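Here is the structure we will look at.
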Amino acid sequence: MTHESRLERGSRILSEIDGLAGERVVDSLSDIAPDFARYILEFPFGDIYARPGLDLRAREIGTIAALVAMGTATPQLKVHIEAGLNVGLGRDEIVEIIIQMAVYAGFPAALNGLFAAKEVFGLLDAA
Amino acid sequence: MTHESRLERGSRILSEIDGLAGERVVDSLSDIAPDFARYILEFPFGDIYARPGLDLRAREIGTIAALVAMGTATPQLKVHIEAGLNVGLGRDEIVEIIIQMAVYAGFPAALNGLFAAKEVFGLLDAA
Amino acid sequence: MTHESRLERGSRILSEIDGLAGERVVDSLSDIAPDFARYILEFPFGDIYARPGLDLRAREIGTIAALVAMGTATPQLKVHIEAGLNVGLGRDEIVEIIIQMAVYAGFPAALNGLFAAKEVFGLLDAA
Amino acid sequence: MTHESRLERGSRILSEIDGLAGERVVDSLSDIAPDFARYILEFPFGDIYARPGLDLRAREIGTIAALVAMGTATPQLKVHIEAGLNVGLGRDEIVEIIIQMAVYAGFPAALNGLFAAKEVFGLLDAA
Amino acid sequence: MTHESRLERGSRILSEIDGLAGERVVDSLSDIAPDFARYILEFPFGDIYARPGLDLRAREIGTIAALVAMGTATPQLKVHIEAGLNVGLGRDEIVEIIIQMAVYAGFPAALNGLFAAKEVFGLLDAA
Amino acid sequence: MTHESRLERGSRILSEIDGLAGERVVDSLSDIAPDFARYILEFPFGDIYARPGLDLRAREIGTIAALVAMGTATPQLKVHIEAGLNVGLGRDEIVEIIIQMAVYAGFPAALNGLFAAKEVFGLLDAA
């Protein structure tokens, strides 16, 4: 059996979770910071998402909640809303977790999260 | 059948999720802002946590992730780490979701979240 | 006398404060999260802005200050700059409160707040 | 008539608003960063709070709201809760503006703000 | 020898650091908040950047790091990426400091910082 | 020549930068999240701080600036103030970079950063 490197494992998991959106992010870094593209594959995906102990569905709930609450990472939130759908979350479940963030990060954070979800869902419907 | 008010529903769910820690927060507001204690019962718990469509286990994953990522609400994070255990999350699962936040909110946020979890787990072991 | 529900009271106050901008936000949620539209009417407006003890002018000063300082809610800041005008704040007073935020949240926060105000004022002048 | 310098004006206004709490902050910087103590007197107080166009009561509403919403400046929030009382805000008004922040920055931010107010009010009652 | 005022010193240093980008920001405030334009010249540039004890290269490293980590001030980050180049930082050094922020503020903050740098570098190459 | 692993390189650099403070953090994770202790050694120190292209002095300026501006990571800020001294920054230079953050993140952030520095310097003087 061939050993899978962190980079290979991260590429495989990123592709499984984020599909083309993840690849586009990595590609967009190729001129300015190719090492950072590699770190994204290795650490978040090769190390963290690859860990047993929490399934990808639960991991995406946590990521979507955090990105909505932080309010500073709209492009990444959109990628992870699509990722949530890819790993089995329903649109209604994603909407639930965003609504819940009104409690912890305020109504504007939840509202902006819902608008991000609306945009992602709309693009998927139009595709 | 008697209709349950938002306040009654919120009190029931807060008690189910947070146990005594939730009651203590509500009691601590009785002199300075009793209306706010009522809002906590009514809106987060009577309205949001009461919603179908996402189970309490998933909701607490989202809340723990958000509070770790925000980094501004340590007392509430501790309450929700205990709440996570109450609704069926394992200690290892809580540690997983906190570790994951290093990716989205940085290593200090995850580190401070782990120290909060360590404190909560220690208090429970000593009880 | 007919009792006014939280939803009715919230709709009335939202309309008084935000005018058409508030209605547009509520309408934009009708497909993705109609319950959240209802919560916006019920809790922030039906519960909080409806409270006696602080007039709407003072409440909008607090909201504008907070949204400028947070820096994560530009669309909501614009709505509340217009709301501030609707409840009696002068343009100069709104500019004052934004400038003051340089002290607490830094010069970029104040600068971005001023650009939001400039955009709102410009749209009103063009209308 | 003698011209008042920015430093003199700032010292006068800081003393008027914050009383001894402001002086203690300035004194505590005398060994590590005396220039920064001077900047605090000159810019926030000598320049900003000295501006006409918004009274000190309105300015403290904005500051309290912002510091509660940010959640990263508890010591400064306590100073400005006391400052709010000094410039004529009632305890109930301060509680109102803190409660309102639940809408914009989430329930934990408001809760931690209320606990800060409870501590300040308690110290004043004990004095 | 003529004494240079804070305003004159700030204008000189802003021009040295930010070039035309700084002037454009100041000009854009002339209608809505001319006093704030003056404060920008006087306090950040006339007082702070003018201080001995840390060279402009080190100051811009700190500013770029902070703005990337905060994630709420993209327009100002772009200005300071260009400012960093103006005071002698290499493109590679700016990329390094942005990548490092993944550790402290998370991967999305670093990613959005890299995209801002890519945009600034691209505009300079096209000029 | 023996190849140094990421873990070995990270341990060496952490020890060089943070000395005992870094080791204490890693040790404190041994019961709750030993993998996260390993990630801290591997990614921030083994990958990022090990990169050529920016010296450790410049890297610590960026880290201190970011942690002061974020305001959510006081324990880590203290570790990096000491780290800054270890890699050659003077106390005056650290104070300069903290003061500068008043411009970008507000006066409370800078003030709390200065108090953290005062505590670190005091402990070193007492040792």
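Residue numbering begins at 1 within each chain, and the chains themselves are lettered A, B, C, D, E and F in the order written.
Note that in this section contacts are C-beta pairs under 8 Å (C-beta built on N, C-alpha and C of every residue); 3 or more make two chains touch, one makes a residue touch a chain.
The model shown is predicted, which means the values in this text are computed figures rather than measured ones.
Colleague: Identify the chains in contact with subunit A as well as subunit F, in label order.
Modeller: Of all the chains present, those in contact with both subunit A and subunit F are B, C, D, E.
Colleague: Only C-alpha atoms count here: how many degrees separate subunit D from subunit E in terms of the superposing rotation, rounded to the nearest 5?
Modeller: 180
Colleague: Quick one: compare the interface residues of subunit A with those of subunit E and tell me same or different, with half as the dividing line.
Modeller: Here the answer is different, because the shared fraction of interface numbers falls below one half.
Colleague: Averaged over CA atoms, how far is the centre of subunit C from the centre of subunit F? Could you give it in whole Å?
Modeller: 40
Colleague: Which integer distance in Å separates the CA centroid of subunit A from that of subunit C?
Modeller: 31
Colleague: Just curious, how far off is subunit B from subunit A if you go by their C-alpha centres, in Å?
Modeller: It comes to 23 Å between the two C-alpha centres.
Colleague: For subunit C, jot down the residues that touch at least 2 other chains.
Modeller: Counting only residues that touch two or more other chains, subunit C contributes 35, 39, 43-44, 51, 67, 69-70, 72-73, 76, 99, 102-109.
Colleague: Which part of subunit B faces subunit E closely enough to touch in the complex?
Modeller: Its residues touching subunit E are 69, 102-109.
Colleague: Taking the touch rule as given, give the residues of subunit C at its contact with subunit B in the complex, in rising order.
Modeller: 35, 39, 43, 47, 51
Colleague: Can you list the residues on subunit E that touch subunit C in the complex?
Modeller: Touching subunit C from subunit E are residues 25, 28-29, 31-33, 35-36, 39-40, 43-44, 67, 70, 72-73, 75-76.
Colleague: Using the touch rule from the top, collect the residues of subunit A that touch subunit C in their complex.
Modeller: Residues 70-72, 95, 98-99, 102, 106-112, 114-115, 117-118, 121 of subunit A touch subunit C in their complex.
Colleague: Using the touch definition up top, name the residues of subunit C that touch subunit D in the complex.
Modeller: Listed in rising order, the residues of subunit C that touch subunit D are 43-44, 48-49, 51, 53-54, 58-59, 61-70, 73, 76, 92-93, 96-97, 99-105.
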